[in-house]
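Per-chain numbering from 1; labels A, B, C and D assigned in written order.
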Amino acid sequence: MSSLSQDSSTAILLVSCRDQPGIVAAVSEFLFQNQGNIVDIDQHVDQENGIFFMRVEWEIDGFSVSRDQLERAIAPLAGRFSMTWSLYFSDVIPRVALFITKDNHCVYDLLSRQESGELRMEIPLIVSNREDLRSIADRFGIHFHYFPITKETKPEQESREIALLKEHGVDLVVLARYMQILSPLMTEAFPNRIINIHHSFLPAFPGARPYHSAHKRGVKLVGATSHYVTEDLDEGPIIAQGVTPVSHSDAVHDFVRKGRALEQSVLSRAVWLHLNRRTLVHTNRTVVFG
Amino acid sequence: MSSLSQDSSTAILLVSCRDQPGIVAAVSEFLFQNQGNIVDIDQHVDQENGIFFMRVEWEIDGFSVSRDQLERAIAPLAGRFSMTWSLYFSDVIPRVALFITKDNHCVYDLLSRQESGELRMEIPLIVSNREDLRSIADRFGIHFHYFPITKETKPEQESREIALLKEHGVDLVVLARYMQILSPLMTEAFPNRIINIHHSFLPAFPGARPYHSAHKRGVKLVGATSHYVTEDLDEGPIIAQGVTPVSHSDAVHDFVRKGRALEQSVLSRAVWLHLNRRTLVHTNRTVVFG
Amino acid sequence: MSSLSQDSSTAILLVSCRDQPGIVAAVSEFLFQNQGNIVDIDQHVDQENGIFFMRVEWEIDGFSVSRDQLERAIAPLAGRFSMTWSLYFSDVIPRVALFITKDNHCVYDLLSRQESGELRMEIPLIVSNREDLRSIADRFGIHFHYFPITKETKPEQESREIALLKEHGVDLVVLARYMQILSPLMTEAFPNRIINIHHSFLPAFPGARPYHSAHKRGVKLVGATSHYVTEDLDEGPIIAQGVTPVSHSDAVHDFVRKGRALEQSVLSRAVWLHLNRRTLVHTNRTVVFG
Amino acid sequence: MSSLSQDSSTAILLVSCRDQPGIVAAVSEFLFQNQGNIVDIDQHVDQENGIFFMRVEWEIDGFSVSRDQLERAIAPLAGRFSMTWSLYFSDVIPRVALFITKDNHCVYDLLSRQESGELRMEIPLIVSNREDLRSIADRFGIHFHYFPITKETKPEQESREIALLKEHGVDLVVLARYMQILSPLMTEAFPNRIINIHHSFLPAFPGARPYHSAHKRGVKLVGATSHYVTEDLDEGPIIAQGVTPVSHSDAVHDFVRKGRALEQSVLSRAVWLHLNRRTLVHTNRTVVFG
C-alpha cells in the first residue's frame, strides 16, 4: 500500500476488462514508450468470471504525453481490449461532502485527517438531518446544511441535496454515521461514490441497532464495515472491515463505546482507499489495490 | 485467565441465581471459614435480566470440608439464594469424544494439545460419518467408530452413538469439523456439552459452505465461531470467535486455507474454557470467565 | 468491562495488599452490612509475589454510610489487612491536561470523546512546546499554554508547567503525541498520573522515530503502546497495546499513516481505563480491571 | 494471495534488480510472445534503495518454450536488466526437514497441513536434539534422527546434519520450536532456506525465554515471529508476525498456552509463503508477495 510522498504528481489509470493475453504487456509497453516512470502497478484476475483488473500509477513529470492529450492517447489501447477505464491525477483534489446526524466521532476523525493532510480532499459542505452537530461545522469553518427528513419529505429533500452537491462539484459523499436511509434517487446520482460506515460485521446485523442485536446474540467480537451504498440497504460492495473483542461483561453501551475507534479506523481507511483511487467495483464486490 | 500450575488440585463452583445482595459475601465467608485458599474468583451481573453469575476456584489442600462432604456443605448456602450450581474437581479429568468427517486440521490440533497437557482430557473414542480419517485415530491409538449416516438412518445411528458415548462415560462431545447436522435426539442427550466449530463469523453465513458465501459477498475478513450445539443449527451460545483478513485476490480455496489456523485456534480455546469450567450458559449466551 | 449507565453515582474502591485469607469476605461483608449494591467487583492475585488486588464499585444511592463518613468507615477494614487503598466517586469528574506538539490526531480524538461523553473529564488547559496546534485549542475554547523548551530551559519551564497544572487542579496529564522527554521533576510531581502514547509495540523500538526503526527492521506489524510515564523513558507500566498489519510495500510515511488510528484507539482506551479507575500499578506492571 | 487450484502446473519467476524503466514491459512481453497465460504478477519497487522486485507465475500448459529450454530463454532478458533471478515449477515438490526439540504443537501442525495438501512438501526426515518427540515421527512414518548437541559437539554434529540434509536433497529446513542455536556452519549451508519461529514479537524479547521476559515487562499482547535464520540470532529477515492479547491475570504458563496457536499460525503461513515462492530477501528484509 505504498504511496509516493505528496510532492510529485502522478497519473492513475484504473482498468477492467475481459481477461485476455497481453494486457499487462500492452499497458506497460505504452508507458515505457512514453517515458512513464511507474510508481505502482497492480493487477488482479477474477478467475471465476474471467475479468481482468488493473491499477497503474506513474509520474507525470517526464512523461512524454501531456495531460490534455492523455485520454486520447489511451483510447486506442483501451479500445483494443474493450476496457472500462478511468483516469485520475493525484494533484486534482476530490471534493467530498460529509453527511452526519448525531454521533461526532467519525466526522471529527475525518476532519482531523483532512487537516493533517492524510486525506487529500476538500470538504465544501456538511449535510445533516439534525441540528445537533452544527457546532462542529462551525468550528472548522465549513458550511452546514440542515435537511430535516420525514418519510413524506424525503424525495423533495434528497432532490435538494443532490442539487446542492452538484452545485458544489462534489465527487464523493461520506456517510459519517448518517442515520437516514438513502433513496434510489440519491444512490443513482452517485453510483459507487457514496461510502457508508455500518457498525457491524456485515452481513451480520444489517439494519437498525446492530450493537443491540449483537449484544442479544452474545457475540464475542463486534465489527464495522465500510461499503459503497447501493439501492439495497447494507448490501453494497464492501471496502474495509474490522472487529474488536467484547465479552459477556459488556453492556450495549460498552459495545457502542468499543465500536467507536473501530468505526473511525475502518471508515477512514475506506475513504483513503477511494481518494487514492485504489478501489474498483465489479459484481457487487470491490477490488482493493491496498 | 490465570490458571494454577497443574499440580495442585482445586474445587470449582459455578453458580447462577437471581441477583440479590450478599451473595459474594456469603460465598467468600463460607470459604474463609473453612480455610479455603481462593485461587480465582469471578462474578458477573447481567443487569438487564437481574441474573448473578459466579465462578470460584479454591485449593482442596488445606480445605476443612472433605470432598465427599462438600456438596452437602454447599447445599444450605445454595438454598438460601436459590442457586443453580455445579461443582467440579480439577483432578477429575473429563472424557471427551471427537466427531470428525474429512478435515484433519482440528482433530490433529486437539490431539496434540491433549498430548502436551494443555487440554486435560481423556479421549476414549473418535466418531466419524466417513472412513477418511481413520488413520489419525490409529496413529494415536484411539478407537475409531464409523457411523455412516443418511437421512433415513440418522435416528438409529444417533441412538447407537448416544449409547456408545454413555457407555464410555463421555462428558463432552467436540465436533471437530463434523459435517453432519445433529438431531434433537443428540443435542438433548448432551445439553451444553457439545461444542462445534463453524467456519464463519456467526450470525453471518450460517449453514453449509460459509466460505463460498463469504467469498460471494466480498467480505474482507473471514471468521470462525465455536458454540454449544442446540436444536437450532448454528444458533447456539457462542463461546469464542475470531477473524483473519482476506482480500479480493483470495479464491474460495484461499479462504479455506486461511481459515484453518483460525478454526484450530478458536475451537481449542473454546474446549480449554469448557474443560476448565470457565463457561456458563444463560438465555442462549455464555458467560466466559476467561 | 461493563460500566453503569452514566446516571447513577457510584463509589469505587481500589485496594492492594499482601495476599491473605478473608479479604474478599471482609470487603463484601462490609458492603453488604451497609446496604451497598455492588455494581462490579474484580480481584486479582499476583501468585508470584503474593499480592492481592481488588476493585469494587457500588451504588451510592441507598448506601448507609454517607460520603463524608466513608473514608473513616473503610479505615478499620484497611488497617486489618494493611491495605494500600484509594476511594473515588464516579460523579467527581477528573481534570485532565493535554500535552501536544504537532500531530493532531490524538488530541482531536480525545476532545471528540470528551464532547460525546465517552471520556468523562474536564480539560482546563492544553500545553504545547510548539505553536502549531493552537487553533485546535481555540476551536474548542480551551486555554492553550505555549511552553517552548530547550535543554537549558527545561527545568524552569517544567516548574512553571507544574505550577500551572497544580493551580488548575489537574489530576491527570495525557501526552497526546507530545514530543518532549519529561524530566524527573515532572514525573515525580504526577506519579502514575501521566499517560503517554508511544508509537511502537514496546519494548520494541523505544525512543525516537520508532516507525523508521520498524521499517528498517522489516516488521510485518506496527504497534502502539500506552503507558504511565516514569523516570525511565518508555519503560513505564503498560496500560494498553495494539498492532496493525504492514507490508514491504509500505514506506515509512505509510507506517505513520496506518499507525494513526491505532494510536488513537490505544490512547483513548488507556485514558478511559484510568478515568474509570480500572488501573492499579505494582512493580512496574498494571493490573487492568477492564 | 490467490493461488491456482492444485491441478495445473505453473512456472514461477522471481526477479530482483536495480530499478529501471521497461522491466515490466519486457517480462510481460516475453510471456505474451510465448503464449504464457499469466496467473499472477506482482512487483514492488523499494524506492529508498532503487531496487525492483517481481514475481510472475504462468501456466506451463500452452507455453511455447519447453521446460528444459526455459532457463536459456530467460537468460537474455535477465542479462539486459542485470537481474538476480530464480525459476521454479509448481509441480516440483520441495523437500523439507523439520527440526524439533520438545514442543509438539508446531510439528503436528505442519504434518497435518502437509497431509491435507495445504503445504505441498515432502518431509524425508525429522531431526531433533532430544528423544522426546520421536513418537511423532514414528506415527507419521518419517525417519527420526537424534543429534544430541553440546557446546563441544556442535560443530561435529552440525556437520553430520548438513551431510544428512544434502544426502536427502533437502531444500528447506524448518525449525519447529527447535531449541538450539545454529552455528554459521549451518546457516551458511542453507542461506535464506532455514525458517524459524520465535515466540515473541521481534525485535522485542529476542533470545531465551521470551514469554518470561514479556510477562515481567507486563505487555498486553504476546507475539510470534517467523523469519529466515541468519548468523545473528533472531535478527534474520522477518516473513510473518502475529500477536494475541494477554492480561495481568495470565501467568507465564498462560502466555505459553495462548502463544501456541499463534506460533502454529505464523509458522505455517511463513512456510506456505516460502513453498509457494512468494518471498524475496534483500538487505535483511523480505518482500512477501502474499
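Structural remarks
Definition applied: a contact is a pair of C-beta atoms (placed from the backbone, for glycine too) under 8 Å apart; a residue touches a chain by one contact, two chains touch by 3 or more.
Computed from a predicted structure; not experimentally measured.
Across the two candidate interfaces, B-D and A-D, the one carrying more C-beta contacts is B-D. Placing every chain at the mean of its C-alpha atoms, the farthest one from chain C is found to be D. Where the sister copies chain C and chain D meet, the same residue numbers recur on both sides for over half of the interface positions. Centre-to-centre separation of chain A and chain D, using mean CA positions: 36 Å. Averaging C-alpha coordinates per chain places the centre of chain C 41 Å away from that of chain D.
Residues of chain A in contact with at least two other chains: 2, 44, 47, 247, 249, 251. Taken in their complex, chain B has these residues touching chain D: 1-3, 5, 103-105, 108-109, 111-113, 115-116, 118, 139-140, 247, 249-251, 253-254, 257-258, 260-262, 264-265, 268-269, 272. Put simply, chain B touches chain A in their complex at residues 44, 46-48, 201-205, 217-221, 223, 237-243, 247-249, 251, 284-288, 290.
Residues 2, 4, 21-22, 24-25, 28-29, 31-32, 35-45, 47, 245 of chain D are the ones touching chain A in the complex.
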